[in-house]
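Common to both upcoming complexes is chain A, partnered first by chain B, then by chain C.
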Partner chain A sequence: MMQWIAFLFFASMTLLSALGVVFLSNIIYVILSLLSTLVMVAGIFFVAGAELVGALQLLIYAVAIAVFYVLVLTAVPWEKALKKDSHYRIEGVLTFPILLAFYLEIILVFLLGVSVSPKGQIREFIQNLGNTQVVGSILFSKYFFAFELVSLVLLVGMIGAVIVGRKEDKTYEDSTS
Partner chain B sequence: MESLFVQLLVIGIKILVILGVVLGLGAYLTLVERKVAAHIQRRPGPMVVGWHGLLQPLADGLKLITKEDIFPRAGNRFLYNLALVLALVPAVLVFAVVPFGPEFEVFGVKVKPILTDVNVGLLLVFALGSMAVYAIALAGWASNSKYALIGSMRKAGIIVSYEVVITFAVMGPVILAGTLSTYEIVQQQINQKLWYIWLQPIAFVVYMFAMLAETGRVPFDIQEAEAELVTGFTVEYGGIKFGLFPLVEWYVEVLSLSAIAVVLFLGGWSPINIPFLGFIDPLFFLGPLSPFVWFILKVALLFLFVLWLHWTLPRYRIDQITETAWKVMLPLTFVNLVLTAVLAPIVWR
Partner chain C sequence: MKIVPLEAYLILSVLLFGLGVFGMIVRRNLVAILMSTELALNAVNIAFVGADSHLGLLDGQIFALFIIALAAVEAAVGLGIIVAIFRLRKVESSDELTDMGG
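== the complex of A and B ==
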């Protein structure tokens, strides 16, 4: 009963703030509703008993990622933030089919994931070990290859960021002459 | 049904106690700070209101409440007020996972002196702790003032760097304890007869650095920078609204992070430790109260240490702060992580 009330609260708040992200005109309000969406999704995870995922959702999405948006957007002067019309109307219309394809892919992947996910086999496992250990042991046994692949991608991204961000000894004008 | 009622009652009492202690203590720590600062600089400090200025915080509060509420003309009133809420709520919420002492029994009801003993308490602490950055960024933006904006940008830069550092620094104790629950970490230290500071001195020093940076204390108070930014992001706030930001940043957050440092590195409520041998308790005559006294004593010592640094050191430049985070602190935490992984089997035996 309590669980249902909590779930309905978090779910409706998620939907409301997600709508806010789309329809609000002030970009600071938009980023705040995005933040609210992320926090509410963490709430849904907590209700579902996935404490580790919920805490990571808060730590990574609501803090580490959203803070970069806030950092950039707070540097925008307030007159520009209130601008009503968009600069990218035509581009937006042109990208719509691609966006639709992406959403279809997400739905497809979600349905496939639901069909192959274990049904009730790990419940006993969770009761014996607790949330964090279960996630760790599954990640490092069943999905080890995918895990290593993702960490390789992140490593490549990190090296790329270091190379892009490093100071050059010579400017580009010097090298061309 | 009755047990549910008792549980709700216990939770309600816990919430009231935590709120009362945190906010009341937060207000009175202003007096402590002024007294300590004054004695460091060889002057008496507040002496007029009450005995040795003991009623000074009440007078300050009264003065702040009765002041005019000024608002900048081109600011955004909704965000201006929202920033206050965003500052206060996460800072106080952190105390929900701070364990104040061991389990005890009152009238046959077992009570853990911690509001919620979640499995991932430690992750929540750092998630909530770094939510403070939104309050500061919003306060800077909504004030529509250059000083406030520069201050909030600096703070955001610091938090982004030190959030990474502090998370890696606490991984050492987490590996040794094998759990993320704050209550269990202290219990493990008591079982293993070991304060983790003995095996994690590097992590402790890095944690203290990151704590100073996250709470905006000297030498990392670059977002306030009284000399150049005239208190940074709070410059457009007046009255009690102005009073709230330092209260949250300098007192409530320092308190919560000190408490977490005590939990992680100094064995929570356990008395003085000799590594691997046991505990010596010079306060044994206090009986069941002694763990609570130990916990408060350790937090108070850490808080006084922070004050001592605050009134002794000069301020770093912003690029120096972030450079230290990425080039010194982060590699140190990696070295510490590897060392801990090697040492951990000795502790687990």
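== the complex of A and C ==
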């Protein structure tokens, strides 16, 4: 029963935040609701008993990839930011309750997920490393080739991102004119 | 153990994937299009992990890990392309990029 309540809560919050990602116009709100979606999907993973995937979702998705997006938004000045001449003082103050809501979200995800997860108590999880150990043993035996392939793809993607993002000698307008 | 049925995970996955595809079509901002792609990838992850908890297997969780790693690559390359587009062309909207349009 408790699992149902947690699942419904996480699912409804995921869908609400996804609606925000699709329909909001201000790109900052879009990125905040994307962050909310990612955290809530991690909660669903905890409910399903996939502790390792949930933790990596929080670490990689909700931290690393979200920071990627924020970084690019700072590098690409969109039109609204150019038109607004204030330095976002009011927005900075208004961010505080949203930030508080995000902390509450993360705390809720942890508490609900840990208390509801089928493997159960976090003490037992630390003692015999239930899910993580099993996933690791399968990952490094049955799927070891795919694991190495993913690392190769990561390397190629890193090189590609560096090549695409580096400073060009001549721009597109130079070569066409 | 299996209090949450498989159908609930699949319905949630379908709704989230539909929202992601809808966002990819509707949005004009390039960064928002990439974010909608992330929604679709997360929907696939939910389907994998939900099926895992239903079947008692672990293979789907490993595929979910691979998807997370590939999403990181996709975000890095995609955002690099967006920054390059903006630096070279000074546009940030998909309907201004008409070079390859017929």
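Keep this in mind: the second predicted complex is superposed on the first by the 102 of 177 C-alpha atoms of A that agree within 3 Å, B and C clash if a C-alpha of one lies under 4 Å from a C-alpha of the other, contacts with A are read in each partner's own complex, and residues count from 1 in each chain.
In this text, a contact is a pair of C-beta atoms (placed from the backbone, for glycine too) under 8 Å apart; a residue touches a chain by one contact, two chains touch by 3 or more.
In this text the structure is predicted, and so the values were computed from the model without any measurement.
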Checklist entry - Taking the superposition as given, does A:Val21 touch the first partner, chain B, the second, chain C, both, or neither? => result second
Item to check | When both partners are placed on the shared chain, which of chain B and chain C touches more of chain A | outcome: C
Checklist entry - Thinking of the overlay built on chain A, is A:Thr74 touched by chain B (first), by chain C (second), by both, or by neither? => result first
Item to check | Which of chain B and chain C A:Leu52 touches, first, second, both or neither | outcome: both
Next on the checklist: With both complexes superposed on chain A, which partner does A:Ala64 reach: first (chain B), second (chain C), both or neither?
Outcome noted: both
Item to check | First, second, both or neither for A:Phe145, with chain B first and chain C second | outcome: neither
Checklist entry - If you stack the two complexes on chain A, which partner ends up touching A:Thr132: first (chain B), second (chain C), both, or neither? => result first
Next on the checklist: Quick check for you: in the superposed arrangement, does A:Leu35 touch first (chain B), second (chain C), both or neither?
Outcome noted: first
Item to check | Shared chain A contacts, counted only where both chain B and chain C touch the same residue | outcome: 52, 56, 64, 68, 71, 75, 78, 131
Checklist entry - In the complex formed with chain B, which residues of chain A make contact? => result 28, 32, 35, 51-52, 54-56, 58-59, 62-64, 67-68, 70-71, 74-75, 78, 130-132
Next on the checklist: Under the definition above, what is the set of chain A residues touching chain C in their complex?
Outcome noted: 1, 3-4, 7, 11, 14-15, 18-19, 21-22, 27, 30-31, 34, 37-38, 41, 44-45, 47-50, 52-53, 56-57, 60-61, 64-65, 68-69, 71-73, 75-76, 78, 118, 131, 134-135, 138-139, 142-143, 146, 150, 153-154, 156-158, 160-162, 164-165, 168, 171-173
Checklist outcome for this item: Listed in rising order, chain C residues that touch chain A in their complex are 1, 3-4, 8-9, 12, 15-16, 19-20, 22-23, 26-27, 29, 31-32, 34-36, 38-39, 42, 45-46, 49-50, 52-53, 58-59, 61-62, 64-66, 68-77, 79-84, 86-89, 92
Item to check | Contact set on chain B toward chain A in their complex | outcome: 74, 76, 79, 82, 118-120, 123-124, 126-128, 130-131, 133-134, 137-138, 140-141, 144, 149, 152-153, 156-157, 159-160, 163, 167, 179-180
